[in-house]
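Labels run A, B and C following the written order; every chain starts at residue 1.
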Amino acid sequence: MSKPKVKVAFFDFASCEGCQIELTNLGDTVFLGLLEHIEIVEFREVMKETTSQRIDIAFIEGSFTREADRPRLESIRARANVVVAYGSCAATGGINALKNHQTDYREFVYGKDAEMPHLDSFQAQPISAAIQVDLAIPGCPIDQAEFARIVSDVLHGKAPTVPNYPVCVECKLRETVCRYQSGDHCLGLVARAGCGAPCPADGVPCEACRGMVDSPNQPALLQVLMEKGGLSQLRAETKSRLWTARFRNEE
Amino acid sequence: MGCNCATTERNIYMPRECLITKTRQLTRTEKQFTLQLKDGSHFTYQPGQILEVSVPGYGEIPIGVASSPTRTDSFDIVVRTVGRVSTAVNARNEGETLWIRGPLGNGFDLNKLRHQRVLIIAGGLGLCPTRSLIQYILDKRQEFRDFKLFFGSRSPAEQLFTDDLAAWRRSPAVDYQETVDRADANWAGNVGVITTLIDRNEIPRDTRVIICGPPIMYRFVMLRLDAIGIPHENIFVDLERRMKCGVGKCGHCQINNLYVCCDGPVFSYDQVENLEEAFS
Amino acid sequence: MKTYFLPQHELPSFVSTLLQTTRVIGPVAKKHKFVFARLASADELRLDYDVTILPPKKAIFPQTQPLLKFSPEGYEDVGTPQPQILFGVHFYDVKALDMLDEFFTDGHADRRYLDNREATTIVASSIQHINERAFFASVGADVKPRGHDAFLTAIEGGYVYEILTDKGEALIKHGSFRAATGDEVSSAYAANAEALDKCPQHIYHSTREIGRRVRAAFGRDEVWDELAEKCFSCGTCNTTCPTCYCFDVQDKWNLDQASGVRERTWDGCLLDDFARVSLGEGATDNFREKAAQRFRHRVMRKTSYLNEKLGGPACVGCGRCAIGCVPDIADPVRIINRIMEG
C-alpha cells in the first residue's frame, strides 16, 4: 500500500471492555487484513503505547457516567477526524443504564464502601451526551463482521449504516427455529438487527442488546411476551429494560 | 405496459463505463456531469428515461438524463448529494469515470407531444429530467406548437442551470416564466409558489402538460389544471421512488401493480391518478 | 414421459449415488422443524417433512447473492453455477418457483437467477405430513405446478417416480428403478389427491372474487389498522414467503479494500425502510410510512396486483407466513376472510 495508513485508536470509559476483547477475537485473516490499511496507535487491551497525536478514527467504548470523563472525551474529539461510539454502552448507555431506574445500586453493589468518592457517578449516558459522535454501533458486545464492514466504509469515506429492522429478519435468513416456537420468549421482534442473530441460533432469546428499531411496536411486544411467551405482566414490562433502559427513559 | 429499457449486457446488472468530460457545481448540493461512453458508442435514449449511475464500492442510484438525445456528442446528469452513493458520485471530477446502466424505463411519449402546444411545469430538481425534453423541443422547435416552461425554486440560490435559464429568458422559442418561494436581495422576479404562474396565464384546454417536481407540487398543480379542464390523458407526470435494480425486479419502486423504473418514470396522469400511493 | 417405481429400501442408495457427483439440496430436520439444506448423507433426507422454515427458492435465489464483482477499474461478471439437484420439493413450492421464473424472466431476463434455475434439477415430492396452517388446496387451485423435472410420490412399499423432463429422466440411471405398474400409478394419484383433501385451512372464495374485493378494500383504513395493530414490521411474512422476491443491493469491499462485490439480499415490503428515500441532510421520506400501509401492500401484492401476470394469486398456500408470524396476524386465510366479511 502506498497510501499512508489510517491511524486508529481505541478508548474505554464505563464498560467491561468486552468489545475490545471481541475485537481481539477477529481472527488473523481479518485483523491482519485490516492492519494493512490501519495503524493502531492506542488499544489498552493489547498494547502499552498511548497517543496524544492526531487520530483518524477514534473508537470509544463505554458510557459517559462521570463529569470527570468529559475533558478526556473532549480531548479525543478534538484530536479525531471520526469518532465512533462502539458497543451498546457507548452507543445507547447500554446495560449500565439499568441504574438510571434505581437508587440503591451503590449500597447494593459496594456495601460498606458505597460512599467512596471514586464511585461518584451520574446516570449512564451514551458518549453522544458529552461530545459529538459521528457514528454509533450498538451491540453487547459489538459484532466482529459489522465492525470490519464499518472500518471498511470509514476508510472509503462511505457513511456506514446500522440496520433499522428487527432481529427476526436475521433469524429467518439463517433459518433459526423461532424461540416462540420452542415455548420461549424473545425480544427479537423489536430489537435492532446487525448482529446476525447469534443468540436465538444458540437457543437463547434475544435481549435486544443493540437497542430497539426506530419504531418498535411496544404495546404489541408486551402482549406477545405475556400471551405467547408466557411471562407475567410485571416481567413482561421490565423484561426489555436490560439493554434498552435508556430508550424507555426517553419515551 | 411496454418498456424501452436498454440492457445490452448478458448480465442486466452490468454497468457501462463513462468518461466525465465536464463537471459543474450547480448549487451547493447539486453537480452536473457531462458524460461519454468510453467504448466510443453513441448513447441513445428518449427524453425522460433514467440511468442507474454507480461508483464501484458505493452502489447505484437512479438519475434522470438531463440532456436531449438531439445533442449527440455527450449527455448530462445532475446529482444531488443526499446519501452515500450520491456523495461518492459527486466526489468525482472531469477526466474520471462514472458507470451507468440504461437508459431504463419509459420517457416522454414524443408522439403524444409533437404538433401540440406544450407546457412544462418543473419544480426544483424536477428541472433536470425535464431539461431533456426542453432541449429536445428547442432543437426540433418546428415539430411543436406553443411552448411554455414554468419553473419554480425555493430560492434564487437554488436555481439550477442558470446559463440555460438566462438563455431561455431571452429566447423567442420558449415562453419561459419563473418564480421563487422566497426572494433574496437581488431577485426582481416573481415570488410565490408555482401555481401562481398558472393563474396568470391563459392555458388552452388542448395543451399537453408535463409536471415534474416534489410530490406536494402535483396536488396543487392538478387542482389548477382540472379547473382549466385539461384532459388527464394529456397530462404527464414524472414520478420518483426508491429504486435499486432499475429493471422491475427488486420491488422498491412499486406503486400498486406498476414499477416506476420500468413502466415509468413518466406516466400519463390518467394511468396513475386512481392508483393509491401514487401521489399520497 | 414414463413413470417408474423405486422400492422403499432403494431410496438411500439412489440419493447416495446422486450425492457422489452432484450437490443435492433436500429437506432435513432442524430441531422440531425442517429446512432445505445441502445433504451430506442420504439418511439426513426427511421426505416426511410438513413444511420448511424457508422455501426452497433459496437454492436458486439465495438470501445473499453476488451480482457483480468490482475493482477500482470497474465491474466484472461472477462465475456460472454448478449443477445441483433440489430434491423433495412440495408441489406448492414448485408453483412458487414457477412464479419466480416468470418474474425474473419478464421484461429483462435476470441471468443471475436464470443461470441458477437452469443449473437446477427439481425433484418434487408428495406431501406426507400436512402443516395445520396449510391452505394449498384452496388457493390458485387451477394453477398447476410445471417447473419440476420429476415427481416422487410415496406409496406403500416405495416411491412412484414420474418423469416430466429430460433432466428428470437423467437421474434414473443412478437408482434401481423399474417401470411402475398401473396400480402403483393409481396409488400415487390417490396419495396426492388425499393431500389436497386433507389440507386443513380453506379459503372459500374464488381468486377473482378475492382480488376484486380486497382491491376494493384499499381505502378502508379502519380494516388495515385493525389487521396490522400487532404488526412488528419484522418482515417474517416476506422472508419466509416462497413467492416474495424483493431485494436490496449493497456494495461490500473485500479485505484488500480495493476489490469487492455488489450483492443482493432479500428485502421485505413490511420493513420500515423498504420505501424510504433520502432527501439529503438526514431528512427522509417514506412512501409507506405506517405499518398498516405496508401490511396492506403485501396483501394487495399477494391477492391482486400480480394476478393478471400470473393467472392466479401470488400465494401458494404453504402457510409459512401464518406459522412464522409471532402475533399471528399474517395468515392470508384469516386476512381474506376478514376482508370478505365486510
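The working rule: a contact is a pair of C-beta atoms (placed from the backbone, for glycine too) under 8 Å apart; a residue touches a chain by one contact, two chains touch by 3 or more.
Since the model is a prediction, treat every value here as computed from it, not as a measurement.
Student: Which chain is in the middle, if each chain's centre is the mean of its C-alpha atoms?
Tutor: If we average C-alpha coordinates per chain, C lands closest to the whole-structure average.
Student: Looking at C-alpha means, what's the farthest chain from chain B?
Tutor: A
Student: Cα centroid separation between chain A and chain C, in whole Å?
Tutor: The answer is 36 Å.
Student: Find the geometric centre of each of chain B and chain C from their Cα atoms only, then give the gap between the two centres in Å, rounded to an integer.
Tutor: Inter-chain centre distance comes to 39 Å.
Student: Could you grab the centroid distance between chain A and chain B? Build each centroid from C-alpha atoms only and quote it in angstrom.
Tutor: The mean C-alpha positions of chain A and chain B differ by 43 Å.
Student: Of all the residues in chain B, which ones touch at least 2 other chains?
Tutor: 57-58, 83
Student: For chain C, what residues touch not just one other chain but two or more?
Tutor: Within chain C, the residues that touch at least two other chains are 253.
Student: Name the residues of chain A that each touch 2 or more other chains.
Tutor: 156
Student: Can you list the chain B residues touching chain A in their complex?
Tutor: 57-58, 83-84, 87-88, 91
Student: Touching residues of chain C toward chain A in the complex: what are they?
Tutor: Interface residues on chain C, with respect to chain A: 30-33, 35, 52-54, 63, 229-236, 239-240, 252-253, 255-257, 265-266, 268, 271-273, 291, 323-324, 326-327.
Student: Using the touch definition up top, name the residues of chain B that touch chain C in the complex.
Tutor: Those in contact with chain C are residues 3, 5, 7, 10-15, 17, 29, 56-60, 80-83, 97, 99, 215, 240-242, 244-245, 247-252, 254, 256-257, 262, 276-277.
Student: Which stretch or stretches of chain A touch chain B in the complex?
Tutor: Chain A reaches chain B through residues 156-159, 161.
Student: Where on chain C is chain B touching in the complex?
Tutor: 67-68, 70-72, 74-75, 77, 103-104, 106-112, 218-219, 245-251, 253, 260, 262, 264, 267, 269, 274-281, 285, 287-288, 293, 297, 300-301, 305-306, 308
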